[in-house]
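We just call them A, B, C, D and E in the order they show up, numbering each chain from 1.
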Amino acid sequence: MLSHILTWVVFLPLLGIPVLFALPKDKAKWVTLAATIADFIIAIPIFIGFNKSIPGVSNPNQMQFVEKFDWIPSLGVQYYMGIDGLSVTMILLTLLIGVLATLASWNINKFERGYFSMFLLLQAAMLGVFVALDLILFFIFWEVMLFPMYFLIGVWGGPRRVYAAIKFFLYTLFGGVGMLLSFIAMWYFTPGERTFDMIEMLARVSAGGVFEGPDILGMPFAKVIFVVLFVGFAIKVPIFPFHTWLPDAHVEAPTAISVILAGVLLKMGTYGFLRINFPMFPEVFAWFRDFLIALAVINIVYGALCALAQKDLKKMIAYSSISHMGFILLGIGAATTQGINGAMLQMFNHGTITAMLFLLVGVIYDRAHHREINGFGGLASVVPIFATLTSFAFMAGIGLPGLSGFVSELLILAGSFKEYQVATILAGLGIILGAGYMLWSYQRVFFGPLNEKYKDLSDVNIIEVFSLAPLLVIIVYLGIFPNAVIQYFEVSLNHISRLLLP
Amino acid sequence: MHVPDLFFMFFTIFVLVTASIVAFSSNMLHSAFTLFFVLFGMAGFYVLLGGDFVAMVQLMVYAGGVNVLLIFGTMLTGDIAKPEISNLSFQGILTFFSGVSFMAVLLTVFEKTEWTLLEKGVREPTTAELGKLLLKDYILPFEVISFLLLAAMVGSVLIVLQREKD
Amino acid sequence: MINTLPYLSLIPAHVLIALAILFFFVAKAIPGIKKIPQAPVFYLVLLGAFLLEGMQDGSEVIFFDMLRVDSFSRTMNQVLLVITAATLFLLHYSDEMDKEYNWENYGLLSTLLLGMMFMTCSIHLLMVVIAIELVSLPSYLLVGMNRKDPASKEASLKYVLFGSFATGIMLYGMSLLFGLTGSLVFSDIWKGLLKVELINSPIYILALFMSFAGIAFKIAAVPFHFWCPDAYQAAPTPVTAFLSTAPKVAGLALFMRLLDEHFSIQASGLMEMIAIISMLTMTLGNLAALKQTNLKRLIAYSSISHAGFLLMGVATLDEVGRQAVYFYIPIYILMNFGAFTALIYMVKDNKFDISNFKGMIRTQPMLVTFFAICIFSLVGVPPFAGFIGKFYLFKAAIAKGLWLLVVVAGVNSVIALVYYVGILKVMIIDEPDHQTLQVKSNPILMGALAICSVPLVFFGLYWQPIVVWTQSILLFR
Amino acid sequence: MGLSAYLMVSAGLFALGMIMFISKKNTIGILMGVELVLNSAALNFMAFSYFTPSKGNQLDGQIFAIFIILLAAAEAVVALGIAIAAYKEYNHVQADELISLKG
Amino acid sequence: MDFIQTSITIIPFLPLLGALVLGLFGKKIQAALGENMTGIIGCATPVIAAVLAFSSFFVLLGMEPEQRIVRVTMATWVSVAEFSVDWAFRYDTLTSMMLMIITGVGSLIHIYSMGYMHKDESFWRFFAYINLFLSAMLMLVLGDNLLIMFLGWEGVGLCSYLLIGFWFSNYDFATAGKKAFIVNRIGDLGFIVGMFLLVLYSSLNFDIVTLSFGELEERALTLSQFTIWNWPLLEVVSICFFIGAMGKSAQIPLYIWLPDAMAGPTPVSALIHAATMVTAGVYMIGRMFFIYSLAPEAMEFIALIGALTCFFAATVGMAQMDIKKVLAYSTVSQLGYMFLGMGVGSFSYGLFHLLTHAAFKACLFMAAGSIIVALHHEQDMRKMGGVLKKMPITGYSFIAATFAIMGFPGTSGFFSKDEILEGAFLSGHPILWALGFVAAGITSFYMWRAVFMTFYGEYRGDEETWDHCHEQPKRTVVPIAILAIAALLLGFLNVPDYLGGSELFSHYLEPFVVNLNHQANYVAPVLTEAEHHRHEMLEWGLMIGTVSWSLFTAFLAWFLYIKSPQTREKIMAGSSPQALFTLLANKYYVDELYDTVVVEPLGKLYRFLAKFDQKVVDGAVNGAGHLGRIFGQLAGLFDAKIVDGMVNETAWFTQIAGRGMSVLQSGRIQALVGSSLLLISGVATLLMLYLD
């Protein structure tokens, strides 16, 4: 089993689907929970056996747990999975969020089997994205996420769910089509023999190969491909001005899906930057870098400012996600070792922190049936545990030292400061604004005189505690010992940094 | 000016005038009957172009068959008792100009084109040669078009005879 | 005089179908034969023709430069035969056509089939015209055979008028081609057009463009697509399924064969022309589809846009593009037949309005799932085969550097999402109401639906079999 | 008279046919337009057959013209059949009123 | 050594443990075991920590002065490539002093709080928070590197936020907490940027990047050679860190949060906003004196800010009516003194003032708190008076501390403040000295004003309150008294040379915090005997001047508030004094200024951006659709009847583009053919034009 462990990990959730349809529908959530937990358990050997000292990335023989079979020989498409430092933490995050999101779905009471089968499909696709090393395989996993996500938002979402779902679908598909076209063009103009093997491509690029193609509509080939790819991934991240789907999707999606959306899906964009977009075109990256940093700063400040103005708690968190994802972009854009490692750490941390935030919003929404920030007040005295947990998450979101968000933001800013001082300081303003919107909304919800409507609100229940506690532990633990995670990817990301900054 | 040219002039005027009547008459039956003259004029052109057999086919099949069919069709799909069946046009001016402009495009294009021409066209009986061609080089289309006509015939009968909705 | 009979032995399937036409048209008149069940006979004929095509080998030009039979034409004919068989199957389950006239209907269908089979192997303009007419006339008639939809005759009438219009333009264009080159055979035409001053001159473009009209009409490409939504909407559903696939396949086969013999100096102009047609087709088809509320009509528009996509493969004018088209054809057939089978399954009494499908998934989860697979495949998202089909088309276009076309196609595949997913939204997300159709379950049709949709998933994940199949088609050799 | 004179006549007929096609309200009228178009095509073939050299047989154009006439006949049969069927259904064949299918 | 290592490892985690226990189980403990037990748990940790801190101090004293430093490295915190930061503590003379202040004053205040917070339902929560605060503060001072210092720095900020908003059901209190946190964040940005600058230049010039103080000290000279943005690197770094200090230690222009922070319970004000947290900035500069020593211009800047803050806060303090506000502005003002001291290079004097200020200001706050509780949470001095009769211990403690803060000879404030002023003058900053000098008098004035308004005269509140007013229980009073004694006596630790002292405190710090004029590269002016003598005279002169000025203002306060209130009223009746008073009472309208200059525009900006995002960005991406609609309307093709499309409300943009085509789809065959014909001829014409 160890030899095919990645396949098992990726496809195990799918095995849950037939089981789920075979059993009565009130058992569906248990099946899903079992599947996600089992997935987590069988993935443990990956984290234990992972060799942290080899970078992978552009070295085909350094990928780990590799599974490589010819899939479509005529096209050179392979079933090629493998991991390196870049993917291993993302797999961990996905598995973790999967379990927690299942718990967060406990209250789903409409078409359970449909919901959980879509959920499992989504989980498999997300895992697939992080292990696929063949462009086509990657793309298939990437796009497979779309339709479960569409239904999960569209069927089980809020009042404007249809709008949000189609908007999500449209935006992402738009980016996806561009990506596909770029992949094909990259394949066609691969330096050397044509291949869809992204590691092989990277190896050639790092050995001096260049994607050389004809001008596209009058613009240089590599730049166009780069930008199109960038847009494809940027929509997922999301980066200004492609971000408008995110608040809508978050607001309308059910809690668990918001958690997955913020926790894992957004990371795919940045993962794509790191794995494909930037290292494949180092020269274009150098050309694009200033613009990238500008975008990152816009994302940070703009997202934070928009978050300040929001009245809906989920929307506020959605915009805060935009702001936080800007940090990741900043780190990647700076591409220094600290910056890029910090970005990766932030990917993990943002995954846990925002997941927790959305879970918390879900808790309050389940009870109060609305999310208007101004509609609460003084809840701290009624639901103290909930308030405390929320304060932890908010503080982590603000980047309080001792909690995980701080370390990653610190690394990112320290890294980007090496290359872009002014941008870093502007991004630092984002942190201040971050404290502003977080505390302000926290205050409006929990402080002040108690809103009489909610004086009988019940505090978090056991299931919710189970879904929140692991995140809390991770947030605190990684605030103190971030290297527990950093050690997994440091070597790989330092390698990417060298590729990007020759 | 040669005699064929005179004939050409005559047929040209004849065909275009009758065709215009077909096109712009507001009485369906007038159009239908005038179409006969157009087809006749066309046969004249064919004769001028050395196609004696084709001209005959034109007269027999087209003028004799298709046109009669059209007249029947006109009557069957209108009120037979009424002598006048409307054949009005609409969007007249716009249509006219778009048709004319299309013709202008065609003519400009033709004008610009240098056609490869024969020294001189031949006018001699073609029936025998055409017969040979039809049974040798064009045997397959000749056979296949029979299926076409068969299907057209059966199909038309079928669709007209189809049961009323139940 | 040369004996032409041996040539017939090279087109045995055509002959068999021709005999079938005679049989179906005449048999009713013979008392004894009348009692024979018609459908099995037709199935047998189709099977026979399929096998006969399979047994042939080699590449021949026959009937004095009229036809060229080769592995390409034979494979395409086999595809057409399969489509016809599938249509025949659907006809059993449709209440829209009068079963009383099955003999004649089958006769018309056979005629259509024969025409298409000639389209795939014609290399002579006259043969092309006749083959196209042979397809068109029965199509006009079949569209008018829908008892359930009073608009059927109207559609048929529009179809025939529009068809004649397209034929007229095509004939006029062919006459110009003939005038320019003095020839009616494809290869000679291209040779005749090889004069430098002629290439890309107005007359050249005009003649070619007008000559393509007939083909464009058959594959419903812009600007000859207007008949398509009307005809598809009002035709009996199996006929719609048939018309949305078979004539497109035949038309594309013909188009590719026609273009095959062009010379490289002619390529750029042609490429541009076809790329423009392709872009217009997919864009207009998609945009018009956005506001449709009749499901059949919507799929008609979507099939227009798919024609645009298919033309993308033609526009590259090379082996890669053709391979992509071959690749797309079986997938397209599966998707379309899947969707139409589901419609036949669901709809009785012509209730194709989208509001009739609200919340369908509550009562028919399996059915809607299969339907959704077909729809997602039509959208072209992985892991469904439609994606792979588009993937190959994009690949071909990118390899040729047709960037604008690629971009337009990319944008279109996103726009297409809106209406396709709109269907699914109605079926899956909306709540059912009194309008929602009540469906009687039918295991056989469900099986047919599964046969269409399960391979879509399978090929979406493992499409090597289709690749092997496309490679087996040695084009024009 | 040369080739271009014939081409002009055929272009004129073609345009008239088109005008009829676009503007006639009665379906049969539209069909007549089609006949004009077909005739113009046939005339072209005849003219080219007469004036320009042909690769195959010089009479190829004439053969084509014959086939056009036959096709026109077949098409007319079908079109009229359908027109009559439509007349049975709607009691008229006015193209501008047959607009139940749209959108 | 070992003892110190163990104890400094334990010290910060003790209160953390307390915080955890109380935070997680406090509610149950309070319910089951009662308030006392909760309080004891809460107090035990700082007391034990204090015991450890003092014993460590004595162990340290037993070591050679040069070796009085102990480091403990526990684990790696962050390590990425060349950037590596450890979990490490550092214990040296400076730390030991801070530890004692924090744990000592902290313990006293904890005990005091048991009385102060009596019968508060969130008693346990208070102790959890304040324990957490202690822990963070201890981290701050113990940290061996900037990052751990920053951890503590932010940690105390958080606790400050939590404690200011402790009574969160009052919305304004919560707002004050938020304000404190955000203003601090602005300062933190400076801190972080300073760190980044060090990281940047370390990584450029050294193999590993370190933020550890010891190594930074070694590298300081190397780093001083660089410039950034055309400025010497260390100047910029110093300014950046000082911005951090401005936030934390409430200096102009970031002081605005501190007066508002008085919303918190009074022990919090005493501990956090007087004795410990707000002095973190001073501590930080002392800790990094080696960098500041190399940044003369930054030092000037610090001194200037310090003096200005000192002066302006003192003036505002004159006009406050709320007793806690008076003390708050006094704190700001005293912090200004400290920075003035740091800025002129008298690091040890600044730090000494930190120490003495911790004692007397904590005492003042606690006494004030005690009175406030006794008067039923009345803070307005206008409604007090004559309290001394009812609460003698508290009252005399308050007065003792007032003597200390005014700098009455022999009290702690006398020595510390005097040395700062002297340092300012002698280092060649007469104007700064003058500001500090004036402020010293004002300080004396407003403090005595507070004393007279509160403790003397007639009671001005309502009867019932007066009847219930009585001395607080022992646990409240004893800590106040202890601190009062400390406030009087602590000064003798650092008696200056000219008064015959030996500057014990400065010498104790010397190995790790060296005053500018004692540094190796300081070129001391060679003084002749006469000059030396004159110098001493000058010192005496300055001292006497300050003391007499303070005494004068104290007298003035007595005169205006006790002897002759009529005179005061007469003066106040004049328009210009009234205007001045209003100006001061409203704190120079700085809050309003910030509101109009920063807060409101920001609010406008984000509301605008939110709209912008919704309408423009979202719209621009869907821009094709907008255009489509406009064109559609222009062409009259827009058909409002077909709104109920299949995909209505979804992707209306593309739909409208589709609707534009509806003319083609009218169902009339001619329209279809006509348009296809037009299309053909259009395309043909275009092609021809293009290809010709």
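Quick note on the criterion: a contact is a pair of C-beta atoms (placed from the backbone, for glycine too) under 8 Å apart; a residue touches a chain by one contact, two chains touch by 3 or more.
All figures in this text were calculated on a predicted structure; none of them were measured in a lab.
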Taking the mean of all protein CA atoms as the centre, name the chain whose own CA mean is closest to it.
A
Chain of greatest Cα-centre distance to chain A:
B
Relative to chain D, chain with the most remote C-alpha centre
E
Taking each chain's mean CA coordinate, chain B and chain E are separated, in whole Å, by 99
Between chain A and chain C, what distance separates the C-alpha centroids? Give it in angstrom.
43
Please work out the Cα centroid separation of chain A and chain B, and write it as a whole number of Å.
70
Could you state the distance in Å from the CA-based centre of chain C to that of chain E?
77
Among the residues of chain A, which ones contact at least 2 other chains?
162, 166, 170
Residues of chain E that contact two or more other chains, please.
647, 650-651, 662, 665, 667, 669-670, 673-674, 677, 684, 688
Among chain B residues, those touching two or more other chains are 90-91, 95, 98, 102, 105-106, 109-110, 115-116, 137-138, 141, 145, 148, 152, 155-156, 159, 162
For the complex, which residues does chain D have touching chain B?
1-9, 11-16, 18-20, 22-29, 31-33, 35-36, 39, 42-43, 46-47, 49-53, 56-60, 62-63, 65-67, 69-78, 80-88, 92-93, 96
In the complex with chain C, residue positions of chain D that touch it:
3, 10, 14, 17, 21, 27, 30-31, 34, 37-38, 40-42, 44-45, 47-48, 52-56, 60-61, 63-64, 67-68, 71, 74-75, 78-79, 81-83, 85-86, 88-90, 93, 95, 98, 100-101, 103
Could you pull out which chain A residues touch chain E in their complex?
162-163, 166-167, 170, 240-244, 302, 305-306, 308-310, 337-338, 341-342, 378, 380-381, 384, 388, 395, 400-402, 406-407, 410-411, 413-414, 417-418, 421, 424-425, 428-429, 431-432, 435-436, 439-440, 443, 446-450, 480-483, 486, 490, 494
Contact residues on chain E for chain A in the complex?
23, 27, 75-83, 87, 147, 150-151, 153-155, 158, 161, 165, 168-171, 174-175, 177-178, 181-182, 185-186, 189, 192-193, 195-197, 199-200, 203, 228-229, 602-603, 605-607, 609-610, 613-614, 617-618, 620-621, 647, 649-651
Residues of chain C defined as touching chain D within the complex:
65, 125-126, 129-130, 133, 137, 140-141, 144, 150-151, 153-158, 160-161, 163-165, 167-169, 171-172, 174-176, 178-179, 181-185, 188, 192, 229-230, 233-234, 291-294, 297
